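By written order: A, B, C and D. Residues from 1 in each chain.
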Amino acid sequence: MDYQAVLDEVATRVAPEIGRGQVARYIPALASVELGRFGMAIADADGSVYGVGDWEVPFSVQSISKAFSLALVLAQDGETLWRRVGREPSGNPFNSLVQLEYENGIPRNPFINAGALVVTDRLQSLTGDASTTMLDFLRAESGNPELAFDAAVAASETEHGDRNAALAHFMASYGNLDNPVPTLLEHYFWQCSIEMSCRDLALAAGFLARHGVSSDGSRLLTRSEAKRINAVMLTCGTYDAAGDFAYRVGLPGKSGVGGGIVAVVPGRCALCVWSPGLDARGNSVAGVSALDHFTTLTGWSVF
Amino acid sequence: MDYQAVLDEVATRVAPEIGRGQVARYIPALASVELGRFGMAIADADGSVYGVGDWEVPFSVQSISKAFSLALVLAQDGETLWRRVGREPSGNPFNSLVQLEYENGIPRNPFINAGALVVTDRLQSLTGDASTTMLDFLRAESGNPELAFDAAVAASETEHGDRNAALAHFMASYGNLDNPVPTLLEHYFWQCSIEMSCRDLALAAGFLARHGVSSDGSRLLTRSEAKRINAVMLTCGTYDAAGDFAYRVGLPGKSGVGGGIVAVVPGRCALCVWSPGLDARGNSVAGVSALDHFTTLTGWSVF
Amino acid sequence: MDYQAVLDEVATRVAPEIGRGQVARYIPALASVELGRFGMAIADADGSVYGVGDWEVPFSVQSISKAFSLALVLAQDGETLWRRVGREPSGNPFNSLVQLEYENGIPRNPFINAGALVVTDRLQSLTGDASTTMLDFLRAESGNPELAFDAAVAASETEHGDRNAALAHFMASYGNLDNPVPTLLEHYFWQCSIEMSCRDLALAAGFLARHGVSSDGSRLLTRSEAKRINAVMLTCGTYDAAGDFAYRVGLPGKSGVGGGIVAVVPGRCALCVWSPGLDARGNSVAGVSALDHFTTLTGWSVF
Amino acid sequence: MDYQAVLDEVATRVAPEIGRGQVARYIPALASVELGRFGMAIADADGSVYGVGDWEVPFSVQSISKAFSLALVLAQDGETLWRRVGREPSGNPFNSLVQLEYENGIPRNPFINAGALVVTDRLQSLTGDASTTMLDFLRAESGNPELAFDAAVAASETEHGDRNAALAHFMASYGNLDNPVPTLLEHYFWQCSIEMSCRDLALAAGFLARHGVSSDGSRLLTRSEAKRINAVMLTCGTYDAAGDFAYRVGLPGKSGVGGGIVAVVPGRCALCVWSPGLDARGNSVAGVSALDHFTTLTGWSVF
């Protein structure tokens, strides 16, 4: 596959979609991003990487970090996590408290905010410093030692963090958190604030394309675990649009409100696309469209 | 792949699970099925078929029919269906009225009962006889002209059909049905009552393994449409256990309360497994386990 | 108390409110009522009756009939009804299916549609003809033998009755109905279609002001039962505005989408006010305001 | 009315119910209360007070404080409070987040925890010290300068306060709180921790029986405001049993999980009953029964 040619063609086809949608506005740090940005990168399972557009411009990873925290917990702790968080699609907007109440404080899956808070809580208990553990991991996998938290974004998230605080206290009331809520929220917001480019993220997600093998050749996850993270991404990775994403794109993917989406072609490559204009369900308009064009061009939908 | 060897190995491994769970009890006709039954069939994309156990014993297809009615409507009507039914996981038990009310009479997806009623309503409008259209199709694809409705099952479903009647009237109150509720329910219950064996169902689902090509070589669906049905099956095909099914099995699948599950390995083969003991979420205990063993043995999870 | 003077003063004060709100539009027969109508009647517990404005003009009683069907069932059957319907406010719009599902087919109270269907179902089982029983009762209590069903309204309700059909089938699925759904709906819609004036309704509700004694002096309900119907009216009688009605008016009341409201001053009198303009929650704008003025003028709020 | 004779008769009739139900167990300080306690007091509008049983034993007022904080805010601030909290029954257990999400952070009424937090938030803004303001008020109205917070109860509530913290942060996310969440929770828990006897509470609630006039003869609330608090108590004062309480007792009342219930006979007297055994909905079993006997004996139901 000529990755560069594919990327160039995708960029051409997606051009009319760039600038559509709305930049996330709930914190000032995200609201100031330029709407017309677009970048895309492909990291082959062999480690080679290709890009187009703004593929080397850093952006806020936000919820994409949830895929990495899930991998880090499964790597250290195996299947015990699933006693505290489910793996079913939520069928509700990504912050909803309704289902959490209905299901006694057990979040539906690790990619809604409540579920990601549980994963971070477990990572904190396992490592003593969840956010630094993740940053170190992302630096190693992306080969980019410059990766850093964005303190302004983390502070802004904290200031507007009442809804996540509500989720955390609510789960704590069911006994489903081990760490103090403020500690947990701090690590959660720091993780979301990491700035990475499409290049960085495609490389960092390479272990999911390599069925669990890290960039240095060591095994991070078993083959089964890697496949299972892909399954959770496909069924739950794009908020309340997972069905539509599976229908249009047909790949495991995890999106963030910073406008990035990481996707995986199992056994072949990892991708990252970024464009900050979001649709009503919080996914990048041009990003979803670019991945749709990608699977049409390559025939690499898993279906 | 030596399909027969795989089937034999799966049957050996799954033996301890056979007889677990509960037979569906909401209608007498299903409650009398013998709990200890187990059969499995694989139909290669080339049309050859293999089986083990009770693979030639007919059982009630029930909700598996939803996958075929969806295919028949998409084949005739393309994407317009999606104005009347969504394609997101429901995140709720399969009969729930809550989300239907919240979303103004538009069911979340074609595989919950409400969504399947809309699909049948459309098929009825397109063909004038939805249930006969489906029976003819299944006879042709399975190569079994003996397939028939089970009148006793259909009558029993009708007698206990208040919940589906409630769903239908509720959607009618939002203007989302074109046919009279009694007509619609009749065709819906007849479709569900069709008796087929694992062999019949694996062959009938072959067009999903062949990316839309029928058993006679003609094209039923475009390549995209076939992939998209697979995507809907994976995200929504097993009631409120779709995430777990993706996690464990990693294949598109559609289950029924008769204890059958149809699954698809895109480009390779279609499978059907049957064992009437159901878990709490309505899926065959031994059936899910058999498919789990199948993907472990073959490595054919889509992830 | 000089009732006529009070009525005249209320009519003067409420004048600016007449014509506000919207006439019910879900069936044509109600949509054609003139928005500017207003009438009010007071029936003293001794049987004397006073009125102002359009107090002798018949209108469609609609949900006001729910108070009478409840009384008729309690009169014949006592407390056993409460096994099948609760008496708690619903906290949701008057047709909601959500809470019904959550509470396994037991409606929250007898004044939401689902609850009134259960009451009518019981009345049908007790009498063999629920709607005629009610009509006979209303004729006797109002002293108006001309009262009649409005066949056009009943037919129109039936035609647009999918939501009530959904509620009825849904409760039937939980085993909470004894009569066939079509029979039940027919009697329910006929009851709602009765045409009565403010004069008729104030007189007919007199037994609630007389602590259970009928217009002919015989005892219909025990003193406790009559008080308890008043309690249900105060907490549940005005859709999702019962708290606001208690706050502003402070009397037991039951409203209908025809624009009528019956209210009771226990021990003293029954009232009926009518003005077809409804607020967003389905209660007559001028009607609620008139009752608010009434309790301000008389000091007869129960609080 | 011979209050003492009524109290003695109520005590005799209610005896078999004392000890039924469960003591609140969510905090240790409440769990240690003796189940077999029972006391009841009546404070006539003229200030005389009568009692039976453990009527002078202090207990934790808990949610009964919500009625007093509502009165204090309405006294200082009038109707503006209703922009931030509704006055409709909630139709859901007393802590539910579901309806709060559905209604964008506006609690249904001032007596569910979310609504009481908003009232306390307003009282804090108006006075700078919500809990001391309430304690001073209760000391003055009860004539008991010994009333005090129970620091152990407040500390225990704080320790187990995750659910209230969740509610507060959730409302803060909608902009419906003015004070910092920790400050608000502190005052809220202190208010709930006040220890009072039946005698103290019946006297303190006297202003509701006197249509707004304080124990010292000054006017705390307008006549309308006092009646309106009674209306809110009747429709929302006893968790998800307000309809049942109105049906059985027929008086405005406010209960607490400490086992106390305050009730009001408008124009005549205020009552307080205490017995720590709670029913499934959080109301005192013997307390509700005692009030039921009281209205049966006196005929003083408002209906």
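Of note:
Simple rule for what comes next: contacts are C-beta pairs under 8 Å (C-beta built on N, C-alpha and C of every residue); 3 or more make two chains touch, one makes a residue touch a chain.
Since this is a predicted model, take the numbers as computed values, not measurements.
Taking each chain's centre as the mean of its CA atoms, D is the chain most distant from subunit B. Centre-to-centre, using mean CA coordinates, subunit A is 32 Å away from subunit B. Once the centre of each chain is set as its mean CA position, subunit A and subunit D turn out to be 47 Å apart.
If you average the Cα atoms of subunit B and of subunit D, the two centres end up 55 Å apart. Shared contact sites, meaning residues of subunit B that touch two or more other chains, are absent.
Chain pairs that touch one another are A-B, A-D, B-C, C-D.
Taken in their complex, subunit B has these residues touching subunit C: 96-98, 101, 162-163, 165-170, 172-173, 181. Across the interface of their complex, subunit D is touched by residues 86-92, 99, 108-109, 224, 226-228, 230-232, 234-236, 240-244, 246-247, 250, 252, 266, 296, 301-303 of subunit C.
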